[in-house]
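Going by the order they are written in, the chains are A, B, C and D; count residues from 1 in each one.
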Amino acid sequence: MLQLENISVEFGGVRALHDVTLTANTGETLGLVGPNGAGKTTLFNVISGVVKPSGGRMMFKGHAVSGAQHTRARLGIGRTFQVPQPLHELTVRENLIVAQRFGSGRPADPTRIDLVLEAVNLTKRQHADAATELTLTERKALEVAKALATEPKLLMLDEVFAGLETHGKRLFMESLVRIRNQFHLTMIVIEHDIETIRSLCDRVAVLNFGELLAEGSADDVFNHPEVIRSYTGESKT
Amino acid sequence: MFKQLLLKATVVAALACMSATALAEEKTIKIGSQVPLTGGLARVGLDFLEGIQVAVKQANDDNEGQYQFELLTIDDETAPAKAVAAVEKLASQGVVALTGGYGSNIVGPASGAAHELGIPYITSGGMAVGLTQRGFKNFFRLSNLEGYSKAMAGLAKMVDADKVSIVYNNVESTTDLAEALERALDKAGIESVIHSYDGSTGNFTPLVNRIRLQDRPDVIAMVGYENDYIAILRAAKILKPDIKAIVGGWSLATAQMNSEFNDVVQGVAGTSMLPYPVHFSGGEAQRFAETFTELHDKTPDYIAQFSYVQTKLLIEAILRADKAGEITGESIAREMHKTDSETLIGRVTFDENGDNPHFANHIGQHQGDKVELVWPESAATAQMVLPGRPW
Amino acid sequence: MFELTLQAVFSGLLSGAFYALIALGLALVFGTMKVINLAHGELILLAAYVAYTLESVAGWSPLASLPVALVVVGICAAGVYFLISRIKRDRELNSLILTFGLAIIITNGILMIWSADVRSTGGDWAHGAFVLGDSLFAMNAELLAAGVSVVLVVLLYLWLNHSWYGRAIRAVSSSSEAAKLMGVNPRQLELLSFIIAGVLATFAGVALYSAQTIAPELGHNLTITAFIITVLAGMGSISEVLVGGLLIGVIEALTVTYFSSSLRELSGFVLFLAVLLVLPSGLSGLKMKTRKAGPTGVSPGSSEKPARQKQLQHD
Amino acid sequence: MTNSKMNNRILVAAVLITTYVLVPLLFGGNSYLLGVVVSAFTIAGIAVAWALLGNLGGMISFGHAAFFGIGAYTSSLLAMRFGVSPLLGLLLGGLGAVVASLAMLPVLRLRGPYFALAILAYAEIFRILAVELKSITGGAGGLLSIPGLPTVAGFDLNTKLGGYFTIVTIVAVSVLVYYLIRRSTYGLALRAMHDSENATRVLGVPATRLKALMLIVSAFITGVVGAFNAHFINFLEPNYAFAGTWTILPIVAAIFGGYRTLTGPVAGALVIYLMDQLLFKSLIPQGHQLILGGLLVAMILFAPDGLVGVLLRKVKGGGDHATT
C-alpha cells in the first residue's frame, strides 16, 4: 500500500526526520510510537502532503507520490489531526459532505455519509454546528469521520484516543475496529498507550529523534532494548 | 341706435385689445442651468453660474412686464452621470433651454441627454473637439480649443520662438488643448516637443530639467491646472532654463493666481479675456461689470464673462423665437443658428455644428499686481515684458 | 546626457527620501499590530493643512507650526487607534475597512473646512534654489524634508532596537504573549506606536506643505505611496523603508527622464506588484528576513501563519 | 423549516413584484428619479459581486473599478468599432473583465490586505493603460456617444425604463448565481475555508482553484454591470471608467447591508445611494460622502453583520448566513 524510502525533513537546519524507510502493507494496521518530538506527526504531515520532505521518496499503491496537498485525499490518503479541526460555519453533516465530495471526487453521496455517521455514531448530532456544539469525544469522532468520508484506502490516526476517559475510549476503539473491517482500511496509528497499540496493531514502528529505531510485532518491539532505553526517560507508558 | 352699436363695437374691440395685451404680459420662461458646484470643478462652476445669473437679471430688467425669465440650477457634482440626471430633472421641470456645463467629459453626456429630450444646450465650458462632431442641431458652443491654441501660438509667434515645449496634464480637456496647440504651432511654422504628465505628479524637476537640457526651447507652454502650474513654475525657478517666455492654458492668468502666488507667476503669460484689475470700456461691458458687482459684490473674471455672453445670446434667441411664433426646442435652435452679434468676447456666429468659428482668446501676462493683455495687439492693454518668466 | 541622468538620480533620491518619510508611520503601525492604517495619508494631509492655517492666519512659518500640528495629528492618530481597538472580530480586515471609512471622513472634512482650492506655503526660503556645483539643483524644502526623513529613520531604528519600549513593541509584533511575559500591556504599546506614527505623519505633512502644493484629494495618493513602499521594504522593517523609498524615487525620476512623465505612476505600481509576487518579504527578504530590522517582517504570503507554512498557501 | 422556506418564497415574490411592477408604475414617468434608481442598482450589482468574492472567496478587494472599467471599455469598443450589439456586448464585457481577472490570478496567494491593495494596483495600472493606449481606447479623450441598448421584442431598452429593467435583471440574476453557488458543495467548502483552510485542503478541497473561480465570477458580474453603465450613460473616459467610486460605494453598500448575507449588498446599495443622492446631498452640498464614511465606521464597530444581518438575528435568533 505505502512505501517510504529514506524520507528526510529539515526545518531551517533542524532535522525532524532522517532517512526513514517504512512500509504499510494493504489491510494491516501499523502502530507508530515514540517519545514526543520523535517525528511521528511530521511523518503524517509528509504522507498527507502538509510538509514537503527534503529528501527521499514515497510510493502509494505502487506509484510515486508528489505534488499538492489536496491531491493526496483523491489518491485515498486520509488523516486526522491531533487537535481536531472541524470545518467552521458548517454542521457535522455538511463537514462530511465537503469531505466526501472533494475527497472522493465523486458527486455528493448521502448513503455513504449516513454510513459514516452511523459508524462513528454521530447520526443524532449531524445537524449540530461542528465548530461550537460538540463535546471532545464527538469532535474526535468527527475528525475520524471526515477522514473516512474522503473514502480513503489508507487512514492515519493521530492520537485519537488521547484525553478520552477509559469507558469512552473502549467504545471508540470498538467502533474504529468495526470501521476498519467495514471499509477494509489500511491504518497507521500514532499512540502513546502501549496497551491500545497491542490490541489494535498488527505491526509497530518506533521513531526516536527522527530516526526509525525498530520495526516488527508489538512484542518484539517493546522488548527491544533500545526501545526500552529510549522510553525510560519517558514516563508515558 | 347705430351709433350705440358702433360705440359698443369699439368698446368691445378696445376691451378685446386690452385683454389681448393683458394676456400677453408677464410671460414666464424657465431656463435650466447644470453646473458643477461641488467636486473638482467647483470653483469655476461657481464663477460660471454667477455670469449666467447676471444675464438672466438683465433680461428680466429689460423685459419688465412682458417676460419673466426663471433660472433653475442643479449641481452636477463634476460627475457625468449626475449631470445627465440633472438635465433630465430640469427637463421634467419644464425648462425650454439649457445654459451651463463645464468640462468636456461632463458637457458630453449632459448635452447628449438634452439632445435626446430635444432641448437646446449652450455652453462655453466644453472644449473637446468631439463635442461639435456629433451632428447635434441643438448644441451650441461659444468657445473652442482653436480659440485657445490660436492665442498661445500667437504669443509664441510674437516673441518669434523657433521651438516650443508643450507640457500637459494627461486628462481629457488638457490633452485636447495640447494637441490643438501642437497643430496651431505647426501651422505657424514653429517646431514643438510634447510631454504629458499625470495629475498626481508633485515634483517636476526631472521633467523641466529634461526640457532644459534636451529640448532647449524658446517658449514653454503648460496645459494643466493651478497646482500643476505652481509646481512646474517652482521647478523652473530652480533650474532657470533660458527661455523667452512661459505661457499657460486656462486658469493661469487669473486674479486669483496673481494675488495668491504673485511671486511664482511674475512675467508668466496665460489665456485670458480680461485684464486684472478689470477696466471695462464700452456700454455693454460696463453694464455687465456693474450688474455683476451689484449681484455678487466683486469684479467678474473671464469665466463669468463667457457664461454671461452665452446666456445673453440664448435669451435673445428665445425672444426672437417667441416673436416668430411659439417657443419650442426647434424654434430656439433655429434662431440660435441665425445669431450674428458683436459681444464681450468678440463676434459670435454658429456653424451647422453649433461651433463659433470667430472665437479667439487673448493672452494676459502677470505684471506686478496686474494681469495685462499683451496679445492680440487689438486687445492689448500693455507691452509684453520680456523675457516673460519669473526668474 | 550624463548631466541629465545625474540630476534625475539626485532629485529621485530627494523625493525618495520624502516618500520614506511618508511611509514610515504606516510601516511602524503595520509592524506592531498588522493593521494597515488607510487613513495615514489623510493624517499627513491634515498636518499640512494645520500648517497652512497657521501660516495664512497667524503668519507662522511651517516649521513653527510643527508643535501645534503634532498635537492635532497626535490626538487624531490616538482616536484612530481607539476606534480600531473597538473592533470585535477579524481585526486585520475590518480595520482595513474602518480606516478606509475614516479616510473618507477626513478627506471630506478637509474639503468642507478648507475648500478645494490649491494651497502652498508663501515662504520664499522653502522654494529657494540649492545648487550643487552648478549642475545639481534642488529646492531648499526638498533637501530639508529629505534630511529630516533620514534623521527620523535613524532615530526610529535606534529607538526600536535599543530602548526598552522599542524592544517591547517588537515583542508585541512577534506575539502579544511574549509582550505579556515582558510584563507590558500590548494595548498600551499599540497606542504608543499609533501616536508615534502620528508624529511621523506630522513631519511628513509639514514637509509636504513646504515643498509642494496641497489639495483635499491628495491623501489617497499619499496612503498608496506609503503602502507601496512599506511592501517594498518588507512589511514592518524600518531601515528598509528608506531603501524602498529611494528605490521608488529614483525609478520614477528615471522613468520621467527617459520615457514619459505620465508613466511615472505606472513604474511604481508595476514595481510594487513585482515585489509582492517575486519577493514576498520585500527587500528585507533579500537579507534572509534579518530580524534586527525593527519589527519582524510579516510576509504577505500568510499573515498569521509562521513562515514555514507559507508554502501551503499556494498549490 | 418548510414554514420559513414558504416565507422566503413569499418574500422573494414580493420583492420581484415591487421591482418589476410597482417601481416602474410609480416612478416610470419621472425620468430623473428613475435615473437615480438605475444608478443605485448599478452600485448594487457591483456590491453583489464584491460581496460574493468577500464572503465566499474570503478576499476583500479594493479594485473592483478595474473589472467595471474593463467591462465598460470592452463592450463600448466592440459596439463602436465592430458594431457588436450592446446586448451581446454586456456578456462580452463580462468576459473582458474575466480576462483581466486571469491577469490577477498570481496575487490570489496573497492574503488579506495584500490582496486588497494588489487588486487596487491593478485597477490603477489598467486606468493608466486606458489613458496611454490612445489608438485602442481613444485615450484621455474617452468615447462619446456610445450606442445605447437595442430594442428587443418591440420594447426599446434604450430608454430610462428599458435601462431600469435591464440592470434590475442583471442584479437579480447575479444574486441568483450567488445563491446557487453558496448552497452547492463548493459553497460549503468555500465557507469552511475562511477559518480552516488547511483542514479543507487535507480533505481534498483545491482551495486556491476555488478562490480563483470566485474571483472570475465576481469579475464577470462587475464587467457586465460596467458594460451596462457605458451603454446607459453613452460615454466613457479612463478617469470615469476606473474611478474609485466604483470601488468605494459598493464596499460601503455591502458592509452597510451586510456582506455575509445574500440580499444585504443590494439593500445596502439602494439605501445608501438613494439616501446619499436624495437626502445627504441636500444636507451637505459639498463633501456629503463624509456621512458615508461615518456609516462605514459605525457599521464595522457596532454591526459588522450589517443591516440585513441585524434584521435576521431579530427575526430568528442567531443570524445564520446560510439563508436569505
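FYI, a residue touches a chain if its C-beta (ideal position, glycine included) is under 8 Å from a C-beta of that chain, and two chains touch if they have at least 3 such contacts.
Note that this is a predicted model, so its numbers are computed, not measured.
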What's the farthest chain from chain D if centres are computed as the mean of the Cα atoms?
A
Comparing chain centres built from Cα atoms against the global Cα centre, which chain wins on proximity?
D
Most contacts overall join chains C-D
How many angstrom lie between the centres of chain A and chain B, each centre taken as the mean Cα position?
80
Need the CA-centroid distance for the pair chain A / chain D, whole Å please.
44
Taking each chain's centre as its mean C-alpha position, how far apart are chain B and chain C in Å?
42
What whole-number Å value describes the gap between the mean CA coordinates of chain A and chain C?
49
What are the residues of chain D that contact at least two other chains?
128, 131, 198, 201, 206-207, 286-287
Which residue numbers or ranges of chain B touch two or more of the other chains?
42, 170, 198
Out of chain C, which residues touch more than one other chain, so two or more?
115, 262, 265, 312, 315
Which residues, counting only chain A, touch chain D once they are in their complex?
48, 50, 68-74, 79, 81, 85-90, 94-95, 97-99, 101-105, 108, 131, 146, 149-150
List the residues on chain C that touch chain B in their complex, please.
3-4, 7-8, 11-12, 14-15, 115-118, 120, 122, 124, 127, 129, 137-139, 142, 212-213, 215, 221, 253, 256-257, 260-262, 264-265
Across the complex, what residues on chain B touch chain D?
37-38, 42, 75, 77, 80-81, 84-85, 88-89, 91-92, 105, 108-109, 112, 128, 130-131, 134, 170-172, 175-176, 198
Going by the contact rule at the top, pick out the chain B residues touching chain C in the complex.
39-40, 42-43, 170, 195-198, 200-203, 205-207, 209-210, 213-214, 225-227, 230-231, 234, 237-240, 261, 263-264
Which residues of chain D touch chain C once you look at their complex with the stated criterion?
60, 62, 106-107, 109-114, 116-118, 120-122, 124-125, 128-129, 131-132, 197-198, 201, 206-208, 244, 248, 251-252, 255, 284, 286-290, 292-297, 300-301, 304
